[in-house]
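Order as written gives the chain letters A, B and C; numbering starts at 1 within each chain.
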Amino acid sequence: MDETPASLRWIGLALLALLLALPSLATLAGDPAWVSLATRMLIYALAAVSLDIILGYGGLACFGHAAFYGIGGYTVAILYRHWQTSEPLFGVIPGSTQFLVVIPAAMLAGGVLAAAIGALSLRTAGVQFLMITLAFAQMLFFLFSSLSQYGGNDGMTVRRRNEFPGLDLRDDTVFYYLVLAILLAALFVAHRLVGSRFGRVLGGIRQNERRMAAIGVQSYRYKLAAFVIAGMGGALAGALMVNQARFVSPDMLFWTKSGEMMIMVILGGAGTLIGPVIGAITLTGLEDLLGRIPGWGEHKLFAIGLLLVLVVLFGRGGLYGWLRRRLR
Amino acid sequence: MLNLAVEQALNGLQLGVMLFLLAAGLTLIFGIMGVINIAHGSLYMVGAFLTAYTVAKTGSFLLALLAGLAGAAVAGMAMETLIMRRLYARDHLDQVLATFGVSLCMNEIFSLLFGQRPLYVSIPPLLDGSIEVVPGVPYPIYRLAIVAVGLMVALGLYLLISHTRIGMLVRAGSTHRDMVRALGVDIRSLYTAVFGLGALLAGLAGLMAGPVYTVQVGMGEQILILTFVVVVIGGLGSIRGAFLAAMVVGLVDTALRAVVPPWLKTFMEASAADALGGGLSSLGVYLLMALVLLVKPRGLLPAHG
Amino acid sequence: MATPLLRAIDLVKSFGGLRATDHLSLDVTEGEVHALIGPNGAGKTTAVGQLIGEIRPDAGQIEFAGEDISRLPPPTRVRRGLARSFQISQLLQDYTALDNVALAVQAREGHSFRFWGAVRRDARLRRAAMAHLEETGLAALADQRTADLSHGQQKQLELAIALATKPRLMLLDEPMAGLGPTETQAMTALLRALKGRIAMLLIEHDMETVFALADRVTVLVSGRSIACGPPAAIRDDAAVRQAYLGDGDA
């Protein structure tokens, strides 16, 4: 849409170089915890980018992205549990720990869930849409909280990461690079998507749905398709996060998680692909930093909340928008 | 069996009344200003905490009542003047995010001030004890009082909306804001007042909740999401719809909680049945919402048109 | 006489107690320019809303090309060849003029569930869109952001988009509203060039335009059609003069 200033491209390349070199830097600094923090950042970036497809590009205020993120996570955990006990899920679906089976399964689950939630919630718009997506996500939170065979309220541990032929994902560095590769691939796919015929229609719907009807476009189908794509992306992120943390809990589905993902998108810059990545890295990093302040760590959400209010009131276009204005 | 049904129906009514107080404020504010307030649950929390705290410090329920109501109303009006006022012209996403930020801040402020542990409030002596609503069914007077207060508020709101200028605005809807301006109504103070009224209702629900539910940080969000369900089912911006939906949601939720776990126990182990039953019964109202959306996407009693 | 292209039969629509459309019947034949005029509040906008499908009539039927379209949603009507332009322009403000038209071309070509190829490098699509911009005199402004166009240019763009849907009939809702004298002339010339090729239902306040372009004129007062006929007859109709034109030239 707009030209990207050349200096910004350089910053992007520098960021990419930094991400590529990060595990080595962590080793040099003697702090391997960096790698897992960075992995979390990238996974949240993936979740935020997928949310931005509907939120930023489609203009649909969805407050339930955690539903897809959580369902992706639970797919990994549930398939692991059934693999461990050798009892098929619902008596037919065998468990698995194969990355190339589990991840597509998670995305499928996210897509199906998004189709169901979207089909209902997209019958409304605006504030109703927002409240409905929030409510359905919360419904899943209650559902998974009550499933005691999968840990109920407390969640459950997934003792091992999924297996990828030829890669040792137990190694944090290998897993980090895999996540980085997936994020870059997702960004490329999203880039093609928003520039395609479909992406144009989606952008048109955001700007003026009445106009779209007047050129013969039935918005509902396109919004639903975008919602399903976003749901699959969210589920992918959730599945990766459970692999990273080796743990799943209903917290992944809690409404504040949806809120956090929205903050990432808005903080970084909605309606762009790089914005949500910047937002996710910034917010995750900030939470990590604030969490280290002795005595105040547990109240870090105060700072996050305040930041959010300020960004909404005064920061148009988020960090990415600010960067672009500075560099122009 | 019948006794149980009567008791559960009253419980459902009581939950319904609480939900109505919250939903009415939310939908009133949306109906007039066109904004959505995620921090509405925080105002409920303000009412609950200030009441609980004042009772603990002074022992006076009357003072506590005033503190809870005034605190919530003042918090609401402060929120309106400091933040919401800048957001009326923005899209809903901005409103949601800013008020979400406010609710995060409020939660942390309250957990700093009052700690993470829940506060308990005793029932005022005047309303302590039970009476037999039907022979053989004793029911707590306090809960009956909640229902009575809620119904009185509902009546008051009905009169307000059908007989006053504010009511006319609600009926006209937020799309007619320019018309309102043309009538020469001081829109700024009107908005602040409406926000204060919504906050007052939330605070009232919060202060009454004290002795029944636990007073703790996060209590607002829990009930807020259920309130959203009520508002969606009833029809956004419609007070009548909010009342109807609140009662339905209150009764359905209570009924499921009474019926599902015992039923599961007939073929499951007790603790697992309790957990699963709790979860499944909380799904009920969401499925009800889904059903309403399928049949009437704009809610049962939509506000305009 | 051949079957009319668009035919509204006995439409009724009330809002509360107010009857905005009162047993309105109206038709537009192939290639005809039919003007719908009437004082403010006569129910012109409500009538257009029903023809395009944004408002559901309480009673009555709408036929297009011999088929009942009363229950079809707006997008389906558009794809059957019933385009419309808006009185207050409803353009995609973040997109360029060319993008706006290209999207309409894209929509005409079928579904847009194509997720991969870059639209902006689709030369054929852009050529087709450009042709419509040239037709409406906007070619030089193709790459301007729509939000930066003047009011008159936006009105022209509205028309270009409507044309891009390849309509058989266009509902033009006050295409001259807010235009200056030169712009009005240009728009009139544009519509005259299209006359005969595409049927038009023209809702317009500017009487000069109406009498210059229309083959037939229907006069709407309080939701009812009080007269329908060629411009000259309408100009001389006593009832119309009294109800509508009376104030100016009596």
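Operating definition for what follows: a residue touches a chain if its C-beta (ideal position, glycine included) is under 8 Å from a C-beta of that chain, and two chains touch if they have at least 3 such contacts.
Since we're looking at a predicted model, the values are computed, not measured.
**Q** Could you classify the connectivity of these chains, where an edge means two chains touch, as line, ring, star, complete or other?
**A** If you draw each chain as a dot and join those that touch, you get an open line.
**Q** Using mean Cα positions, find the chain sitting nearest the overall protein centre.
**A** Of the chains present, the most centrally placed is A.
**Q** Distance from the CA centroid of chain A to that of chain C, rounded to the nearest Å?
**A** 44
**Q** Cα centroid separation between chain A and chain B, in whole Å?
**A** Using C-alpha averages as centres, the distance is 31 Å.
**Q** Using the average of all C-alpha atoms in each chain as its centre, how far is it in Å between chain B and chain C?
**A** Measuring from centre to centre gives 48 Å for this pair.
**Q** Residues touching two or more other chains, restricted to chain A: which are they?
**A** none
**Q** Quick check: in the complex, which residue numbers of chain A touch chain B?
**A** Residues 55, 61, 63, 120-121, 123-124, 126-128, 130-132, 134-136, 138-139, 142-148, 152, 255-256, 259, 262-263, 266, 299, 301-302, 304-309, 311-313 of chain A touch chain B in their complex.
**Q** Can you check the complex and tell me which residues of chain B touch chain A?
**A** For chain B paired with chain A, touching residues are 30, 36, 83, 86-87, 91-94, 96-98, 100-105, 107-109, 111-112, 221, 225, 228-229, 231-232, 236, 271-272, 275-280, 282-283, 286-287, 289-290, 293-294, 297-299.
**Q** Sort out for me which residues of chain C touch chain A in the complex.
**A** Touch residues, chain C against chain A: 52, 54, 73-76, 78-79, 83-84, 86, 90-95, 99, 102-104, 106-108, 112-120, 161-162, 164-165.
**Q** For the complex, give me every residue of chain A touching chain C.
**A** Answer in residue numbers: 1, 192-193, 195-201, 203-204, 207-208, 210-218, 222, 225.
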